[in-house]
Amino acid sequence: MALFGLVEYEDAPPEVRAVYDDIMATRKVDTINNFWKAIAHDPAALKRTWESLKQIMAPGALDPLTKEMIYLAVSASNQCNYCIASHTAAARKAGMTAGMFHELMAVVGMANATNRMVNGYQVEVDEAFRREWPK
Amino acid sequence: MALFGLVEYEDAPPEVRAVYDDIMATRKVDTINNFWKAIAHDPAALKRTWESLKQIMAPGALDPLTKEMIYLAVSASNQCNYCIASHTAAARKAGMTAGMFHELMAVVGMANATNRMVNGYQVEVDEAFRREWPK
Amino acid sequence: MALFGLVEYEDAPPEVRAVYDDIMATRKVDTINNFWKAIAHDPAALKRTWESLKQIMAPGALDPLTKEMIYLAVSASNQCNYCIASHTAAARKAGMTAGMFHELMAVVGMANATNRMVNGYQVEVDEAFRREWPK
Amino acid sequence: MALFGLVEYEDAPPEVRAVYDDIMATRKVDTINNFWKAIAHDPAALKRTWESLKQIMAPGALDPLTKEMIYLAVSASNQCNYCIASHTAAARKAGMTAGMFHELMAVVGMANATNRMVNGYQVEVDEAFRREWPK
Amino acid sequence: MALFGLVEYEDAPPEVRAVYDDIMATRKVDTINNFWKAIAHDPAALKRTWESLKQIMAPGALDPLTKEMIYLAVSASNQCNYCIASHTAAARKAGMTAGMFHELMAVVGMANATNRMVNGYQVEVDEAFRREWPK
Amino acid sequence: MALFGLVEYEDAPPEVRAVYDDIMATRKVDTINNFWKAIAHDPAALKRTWESLKQIMAPGALDPLTKEMIYLAVSASNQCNYCIASHTAAARKAGMTAGMFHELMAVVGMANATNRMVNGYQVEVDEAFRREWPK
C-alpha cells in the first residue's frame, strides 16, 4: 500500500521502465522495492532521486557496506521504519554481519544520548574543534 | 562555557580524576574535551557515560573509524553542533579523509531526504523486508 | 483505538459536544476525526487545541490550502503517520492536486537533505542573512 | 536580536501591553523574555500562545516544577538552545536543584538512546502494552 | 517480532538469564519486555543498557514517577511508538493518573510548538539566561 | 567559516565556476551563498545538489513562493539555523510578507504540537484516511 498505489513494471510508462531497468541492472536484482514504485507516479522525482542515490551510493572513498551502514544509522536515528527495514536488508546484502549490526545500533544509541546531554549541559565547542580542516 | 562551568583536572575530586586519567590513557591524548568537563559535576554520570562509550567505541566487529563515522552521521542528522565538531575531529584522527567526509555527508543528506519521502508517500514495508534475520 | 478509547458524540459531556459541534460546523463535515475523540477525555485540552487550531488555520495572509500544505510538510518531516494521513486528506479537500503533492514531497525531501549538509559542513550564516527584517 | 527585532513594553500597542502585564503578574517578575518580545509583532499569536501556555503550565494534577522539568526534557531532546536556557532558568526558579538537573539529563539521554535501539531492532509492542487504559 | 526474534528465558545463555533475573527482581515483575528480549542477542549490550537504565531510573534527587514521566515525555516528543506504550505503562505503575497523563501530553505539545517558534523567529538567548549556574 | 573554508569564485576550478554561474544566472543574483561555497570542495556533490534543487524549486504545480515557504517550514521544524535564515531571505524575495511569515510560523508550531499529541495518545488512523488517492 502507498498513497497513490504502486506503479508495477507492466503498467509503467517508458520513462519509468527505463529507471526500473537501471535499478535492477545496477543492483543486480529482478524486483523493484515499494519505495520506487510509490514515487513513480512522479517520473521526474523517480529519475532524479534514483540518479542521485546511484551516484552517492557508488563505491568511492567509502565502500558500499560502509555507506549502507551510515544510511541505516541515520534511518534508525530518524526512526523511519520502512527505511530501517530496507537498509538493514541492503546492508546485510553488502556484507553486514549480526555482530556488525549490534555494534552499529550501540553507536546509534550512544550518539543519540550524548547529542542531547551536550545541549542540555550547554557545552561550548572546544577551541581545538573550531579549526578548519587544514589543506 | 557550560551550565555548571567546566571541572578542570586540578580542581577535580579523585573519582573524576580517575575517569579523566582513563580517558587520556585510552585515547592517548593529554587533554579532556569540554563535554566530559561539563558533565563531571555529576561524577556517576561521567563514569557511566565514559564506561559505556569506551566499551561501545572499542574495536570489535566494526573498526574504530567506521564507528566514528557512524557517530558523526547520527550527529549530523540530529544537527548537534558540538557533536559534529568533536566527532569530525575524532573521525579524522581515526583516518577519515576529506573524500570520505564528503561521501559521508552525501549519504546523510540522501537518507534524510528519502526517510521523509517514504513516510509522505505512506509506503508499506515490502514483504521481503519483513522477515527476521535467519539464524 | 487510542490510549483512553474514543469519546463518541453520543457519550460525550456537553462541553465536549459543544466543541464537536463547532468542529463540524466550521469544517462543514458530519464526522469527527479520531484525534479529537482521543483527546476529548481532557475537555480543557480539546477546547484549547481546537480553538488554537481554528484560529491558526483560518484564512488570513495565507490561504487555507497553503496552510494545509505547510502542516503536511511539517508532518512528513516529523514522520508522524497519523498526521500525514489526516493532513493529506485535508489538503486534498482544500484543493491539493496530485501534482502539487509530488512537488511538496520533493521540497520536503530536499530541505531535510540540505538541512543536514549545512550543519555537517559547519557553514556559518551569511552576513546578508543576519539582518533583521526591515520595517 | 530576533527576525523582526524585539517589541519593548514602551513601544508596544495596548493589546501587547495587556499580555505583557499578564505575563509579569502571573509569573511575579518585572521583565519579559525575548521570546514574547519576538513574537509580539503578531499580537494574535502572542495572546494565543500565552493563554495556552498559562493554562497548560498552571498547577493541576502535576505541580509547576514537574511541568517545567518536562518542558526542559523535551527542549533538550529537541536540542533547542534558547528553550533549554530559558526552561532551565524557569525550572530552577520552581525549585530544581543541581542534583535534579543531573538526573533529568541522564533520563533524557537514556530515552534518546533506547528510542533508537527499539526501532533499529524492529521490536513489536508487547501485548501487555496494547490495552487501553481501563476506566 | 523483532529483527533477530526474541530471546526467551528458557533459551537464554547464563549471562542473559542473569540480566533477566535482575530486571525481574528490581522491577518486582515476572515477565521481560520485548525490548530486552530483542537486544539480548548482543549480551554485552543487554547488560550495559540495563545497568545504565537501572542506575539512571533508581530513586535519587528525582522520584521514580517523575523519571518515568520524563522518559515518556521524551518518547512522545520523539514519536517512538514502542517507547510511548511501554513507558506509559511504566509511569502508570509508578502512579501516573489519567489527569497527570493529560497534563504531561499538553506540556509536550506546547514545548514542541514553542521550540520551533523560537528558532523560526531567530530569538537570541536573553542575557539573564546566559549565566552559569552559581555555586 | 565552514569545515573546509569557502571556495570563492576566483579560486574555483572550472566545473565549480560553471555551477556558480548557473546559480547566479538562475537566481538573477551576483553572489553565491556560503552553503554552496562550503560544499564546493566536493564538486560532484555541488553539481548534484544544485541540479536537484533547481529542478525541485522551479515553478510547476506549486509556485516558487509556496515552495520557499514549505522549505522554510521544514527548516524551522528541524531547527536548522542556517536554513531558517537563508530560506526566510529567499521566501521574502519571492514575496513572503511579514503577515505570511507570522501565519507560517503559527502553523509550524501547531503541527509540531499536535504531531506529538497524536502519538502520545496512540491514536489510530481513521478508516477514512486509509484509502489510496483515487485515480
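For clarity, chains are labelled A, B, C, D, E and F in written order, and residue numbers in each chain start from 1.
The criterion applied here is as follows: a residue touches a chain if its C-beta (ideal position, glycine included) is under 8 Å from a C-beta of that chain, and two chains touch if they have at least 3 such contacts.
Owing to the predicted nature of the structure, the values given are computational and were not obtained by experimental measurement.
Listed by label, the chains that touch chain A and also chain E are B, C, D, F.
A repeat of the A-E interface exists among C-F, B-F or A-B. It is B-F, with more than half of its contact pairs matching by residue number. In the contact between chain A and chain C, the residue numbers used by both copies make up under half of all numbers at that interface. Per-chain Cα centroids separate chain B from chain E by 20 Å.
Spacing of chain A relative to chain D, judged by their CA centroids, is 34 angstrom. Residue numbers of chain F whose C-beta contacts span two or more other chains: 1-4, 39, 48-49, 52, 56, 77-81, 85, 88, 98, 101-102, 104-106, 108-110, 112-115, 117, 119-122, 133. Judged by the touch criterion defined above, the protein chains are all mutually in contact, each touching every other. Interface of chain E with chain A (complex): residues 3-4, 39, 41-42, 45, 48-49, 78-80.
Against chain C, in their complex, chain F makes its touches with residues 1-4, 31, 33-35, 38-39, 49, 52-53, 56-57, 60-62, 66-67, 69-71, 73-75, 77-78, 80-83, 85-89, 92, 97-104, 106-108, 110-115, 117-126, 128-130, 133. Per the touch definition, chain C reaches chain D in the complex via residues 1-5, 44, 48, 52, 55-56, 132-133. For chain C in complex with chain B, the touching residues are 72, 76-77, 79, 81, 84-85, 88, 104-106, 108-110, 112-117, 119-122. Only residues 79, 88, 98, 101-102, 105-106, 109 of chain B touch chain F when the two sit together in their complex.
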